[in-house]
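The data blocks that follow each hold one structure.
Two complexes, one shared chain (chain A), two partners (chain B, chain C).
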Partner chain A sequence: MRRSTSRVLRGLALLSTLALGATACGSSDDSSDTKAVSAGDIQSALKKGGSITVWAWEPTLKSVAADFEKKYPKVKINLVSERSGDKHYTALSNAISAGKGVPDVAQVEYFALGQYSLTKGLTDLAPYGAEKLASKFTPGPWNAVSEGDKVYGLPMDSGPMALFYNKKVFDKYKIAVPTTWDEYLDAARKLHKADPKAYIANDLGDAGFTTSMLWQAGSRPYKVDGTKVAINFDDAGAKKFETVWQKLIDEKLLAPVSGWTDDWYKGLGDGTIATLATGAWMPANFETGVPNAKGDWRAAAMPAWTKGDKASAENGGSSLALPALGKNKELSYAFVEYANAGDGVATRVSEGAFPATVAELQDTAFKNKEFPYFGGQKANEIFAESAANVADDWSYLPFQPYANSIFNDTVGKAYVSSTKLADGLKAWQEASVKYGEEQGFTIEK
Partner chain B sequence: MTTLQPPAAAEPRQAPPPARRDRRSWAGWGFIGPFVAVFALVFLAPIGYSIYLSLFRDQLIGGNHFVGLDNYTQALKDDAFWAAVGRVALFLVVQVPIMLGIALLVALALDSGRLYGKSFFRITIFLPYAVPAVVATLMWGFMYGTKYGLVGDINSAFGVSLPDLLSPGWVLASIGNIVTWEFVGYNMLIFYSALRVIPTSLYEAAEIDGAGQWRIISSIKLPAIRGAVVIATIFSIIGSFQLFNEPSILRPLALNSITTDYTPNFYTYSLSFNGQQHNYSATVAIIMGVITMVVAYAVQLRGMRKGA
Partner chain C sequence: MSTSVTASPAKSTAPKLRTPRKKHTPGKPKRNVLLTVLMGLMVLYTVVPLIWLVINSTKTQTGLAESNGLWFAHDFALWDNVRDTFTYHDGIFGRWLLNTLLYVVLGAGGATLLAVLGGYALAKFDFPGKRAVFAVVIGAVAVPGTALAVPTFLMFSKMGLTDTPWAVIIPSLVSPFGLYLMWVFAAEAIPTELLEAARMDGASEVRTFFRVALPLLAPGIVTVLLFTTVATWNNYFLPLIMLKDPDWYPLTLGLSAWSSQAQTIGGDVIFNLVITGSLLTILPLIAAFLFLQKYWQSGLAAGSVKE
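Take a look at the complex of A and B:
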């Protein structure tokens, strides 16, 4: 009995521990066709009809897909919108490496485009006529989707940053809305002193937010030239950000709450999180996520790093791209163009999306739209101005999704221990360099 | 037991005559065949495939190529991996004795027959094991919260400032607490059932010899359940080395305290799903499997030798 137990146990120990092996599939190289596709080809594809699968969580696409199907009755669009963020990219990467179940159209955020375009996972849209659309889009998003003469997606929305602030709280404590980050720091101190439960903002370390802040501060940590990559957080812009943010962390002026959590919505609603610097796509989320604070919030231009400087940055925003292994390319492209540069844009804007197209951004009706949530403020004026002031020379890493996934392992330390933000960024840089080297990139030091 | 005339169909337990051995062994294969097939498919094949994977490296730039044992040398020099191993080893030497100690204590108390409402205690102590790990971890996570959780409520109600149980210094202990809560009942049940099969005549004899309860415990009960203790220990060792659920579910609440390489299993998961490093992930999993096997085997050898 005892001996057989021991044998079973030995077996169990062996098996249960060895069965960890992750399975993977070899990636298959796919040659993307480069021959030009004429408008006629696309028209005939639309007439012929067919069905395409779209993986996108952007809520406004639902109406766009319905309109598109109405306009081209023979086309059927399967919109798969359950997954977003990391789960979406994991599923997409897995489908691409398995070579099966790849969607015809996928939503890809700007920061993640590089990873897919570099590994030839996406179709170059230039032959379909996408490069002629360049002037339709604002420079920031267009720069994000294009690389030389190649176009890897059409910008769907953009996220020029703005500072949303709880006016009720600012009025209550007679604090002026900060126009520079130094003033922001003062406001944070004043607010927290007046009400120890209130914080100027929440932050527990968020890669997307930090990179956008660095972008605005003029830091350009990533230099990407094909497979040659340089990563360096040691520049003047990063210094500016580190100095102010380190003080906010050290003086415990930031609410220890992560974005998109229940606590976060609660804090935005009850005035304990008084500002939020984020992309212009936020208003729709305010309305659905924080309905009880209607009328309390306002939008303002981002505080400047030096007084009078208008530089802004993008936070978030996505494109629609055509995975190389997708089918029905002409049809898929027709849908993407319709949604992001055609009639679909108006539909999406009316449902609260923030466009990446110049025409809509400069439209007077768009600019004059009053947001009841913001007490009737014409917030789009602020967003449009921010969009115009986005520096377009920023680039993300070709493996930004991975880098972001280890942000809290490295920079996150600065929020919960004595590690300094600058050291956290340095650790992030080293970890990113290590990964880049392992993945075969040439890292310039 | 004596059998005067063996029945025509040979009894399986009797030694077969040598001449029939061949045919018999084939029949044996027939019986274990289905098992072997499933075993090969769901165990040996994945392990083999993992080993195969671990000999390659699939890069974003440069594609897939054979690298021999490079992944292994890399893993053996990987600080993140060894830090994770160290973490679960620390967890193992602290949490497992505490958990098994409590479980043993409870089992002995239940077995002593001096407890009122024995079945009530038995079921309530076992109940946490029936709670899914996800639910248990979330529940504890919310209690640990210093802002809106129980800890936060205690802090504001009594004006004290309890340590943040989700901070880097505390979170391993907090995970240990969750795991202990979950598995004390399970281990208690193993010990308790082992205690129940001890013949009561031994206790009677001990009492006649004038042995007290402590003497009965140390001289009869503990030696008798040694096997069960070794089993529970080995299960706990494997469980500790495979720690994954609790840290990964707790992570959203302790984003900066629980890194993506917090435990070896979590590390393999992150390598695979965040970094698309399936090959290296397989390597780490294999090394970890070997480590677990060696430790579990060593403990088992030691435990059984004493018992023999």
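Take a look at the complex of A and C:
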């Protein structure tokens, strides 16, 4: 595992010129970070008070911030929630590279954490006592926020995958809910034959979905060890996914609709998109985005790649992290711990968030919660089961946001032209390798 | 085709620029079927999105998904939508509306003021380098503001002005087109003899400007004000790259942020409020156009005819 120091330094020097260009200022040095912050330090910071700026779009944080301010009257939380996704990361990266206007706490999705942690953009939370919280969280999310003995964020929510299906449509055409991906393919054929306007799912190429599917299929395309990275889509798991999905594409069984558009919400509502394999956070989006299909949908376990296999994967989910250039670190950490591992979790779960904490997932009240949207189904049982079956050895690239941004130029072609999915993945691999090398990563061939 | 379009203004005998609207329309031109059809299509093209907007602002999120886009849903929720638009997220929409007004009053108002002063000076005073100024202004008209946004951002970033209202207001103060329009307008609308007469009577330059020139420039001022107001009101790209703090967003950015909530895990999907907010956003502009229509038209025609 020993690498030559000069190589690492060269890699880091190049890395700091990355798009997000972490300004390597003294305070983010390893040495100064390792001094432990005692619980007493945090308590006195809370007593002293002050204000912190939080950039997070997670809607349930609003109540959490209000509760926190009530509990610690001297603390003021300035929650900035109008930005999300790409815009959020652009703003965060810009602020970090400018060294100005950096928030004290930022929401960072799991797939993007590596990009910030590797360039020293985030504070290691272990000295604040975060590593003692490891057992509180489910393995998937914890694996995503921690790297060796360093902890770069506390998991806020998780997205163990489930198959959401429109029961009304399945009942109408007497199609059984698929338990394997082969059955899923059959169901897709049956449905589209019965109603040419209806599709089993929508897909025009989605990086997040594809990587989660590979994760579930047992493929591990990315291996990351510091600045040493390996990218390889040529394994048995990827083959399984390619085979089934290529058939769905070739037989035109996927609705040509992009996720998260108004067309997509419409399709979920009117039965033309019959299933959706995605993270357990989806119910909240169903309720506000597809209110007209209330009662039509149900949740089920993800179809398996081989019958009886229970392997699941994560899709989406995010953490709260402390940017290295933020101020008021003790206060910020206290808020993050309160929101993600303390009393805030219950508040957030009651407002529809899907937790990443073991206690909440195993809570009987949580499991027995009936979802009126899903016709009274106790959907959390399925989600919790899925969370327990997530393989925790998956890792994303340290430049995953960039890789995802070129997904449609490579793999995306398979959805709209005669390019095969396997060739698309190969092209994605090559483009990712090329970018990684340009950024100073050591890419293992 | 060309005869029927250009004939009328030349024939007009009334004093130009103040011409009442009716005299602008040709008396009874020969009907041209092709033109009429093209015009009809154009009207359809511009009006259908407006109709769509009005119809869909009456729907709830459910209604939007279930009904045809060009007809009403079974529920009528316009007033609820308007109320929700103003109360959502502690009434941030109202804040964005005030921000937009601030940018328009200071940005567009300031741009108009500068254009009037500059245009008058360029039209009525002779000074060395006037031709160079002319060349620069004409060149600047050809450069779209969007192309300058990024260099401006880098400059403002060094000055520490980004993420403040000034980052939006200061670039809005520059309107080469407005300056050019005022220049041409002032040259035509203010007889030099009138200025000379005022000076003979002993009026100072300042007094001459305010008491003699300004009233004559009124239609042009309104035109430039409308131009700059529309440009500032609809500005999206400049604030997008300049502003990080949502508290300083104008309506355009705010609505875009609301719309992208639908693409967010756990995000609240509020297409109905985005649509209603868009309708509310264009209402002030429509009102401004209706009230100031005649100035707008006469101003547009300024300088188009030499007599």
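We adopt the following convention: the second predicted complex is superposed on the first by the 413 of 445 C-alpha atoms of A that agree within 3 Å, B and C clash if a C-alpha of one lies under 4 Å from a C-alpha of the other, contacts with A are read in each partner's own complex, and residues count from 1 in each chain.
In the analysis below, a contact is a pair of C-beta atoms (placed from the backbone, for glycine too) under 8 Å apart; a residue touches a chain by one contact, two chains touch by 3 or more.
Just so we're clear, the structure is a prediction, and the values are computed from it rather than from any experiment.
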Mind working out whether A:257 is in touch with chain B, chain C, both or neither, as first, second, both or neither? first
Taking the superposition on A as described, I'd like to know which of chain B and chain C A:288 touches: first, second, both or neither. second
Can A:159 be said to touch chain B (first), chain C (second), both, or neither? second
Between chain B and chain C, whom does A:405 touch in the aligned arrangement: first, second, both, or neither? first
Take the contacts of chain A with chain B and those with chain C, and give the residues found in both. 266
The answer for chain A against chain B in the complex is residues 2, 5-6, 9-10, 12-24, 26-27, 29, 86, 90, 93, 97, 115, 118-119, 204-205, 227, 256-258, 261, 263, 266, 398-399, 401-402, 405-406, 408-409, 412-413, 415-417, 435, 438-441
Within the complex, which stretch of chain B touches chain A? 43, 46-47, 49-51, 53, 58-64, 146-148, 167-168, 227, 231, 234, 238, 241-242, 252, 255-257, 259-261, 265, 268-282, 285-286, 288-289, 292-293, 296-297, 300, 304, 307
Along chain C, where are the residues that touch chain A in the complex? 60-62, 64-66, 89, 92, 157, 163, 244-246, 249, 254, 257, 260-271
Chain C touches which residues of chain A in the complex? 57-60, 80-85, 87, 91, 94-95, 98, 101, 157, 159, 260, 262, 265-266, 269-270, 279, 281, 284-285, 288-292, 316-318, 352-353
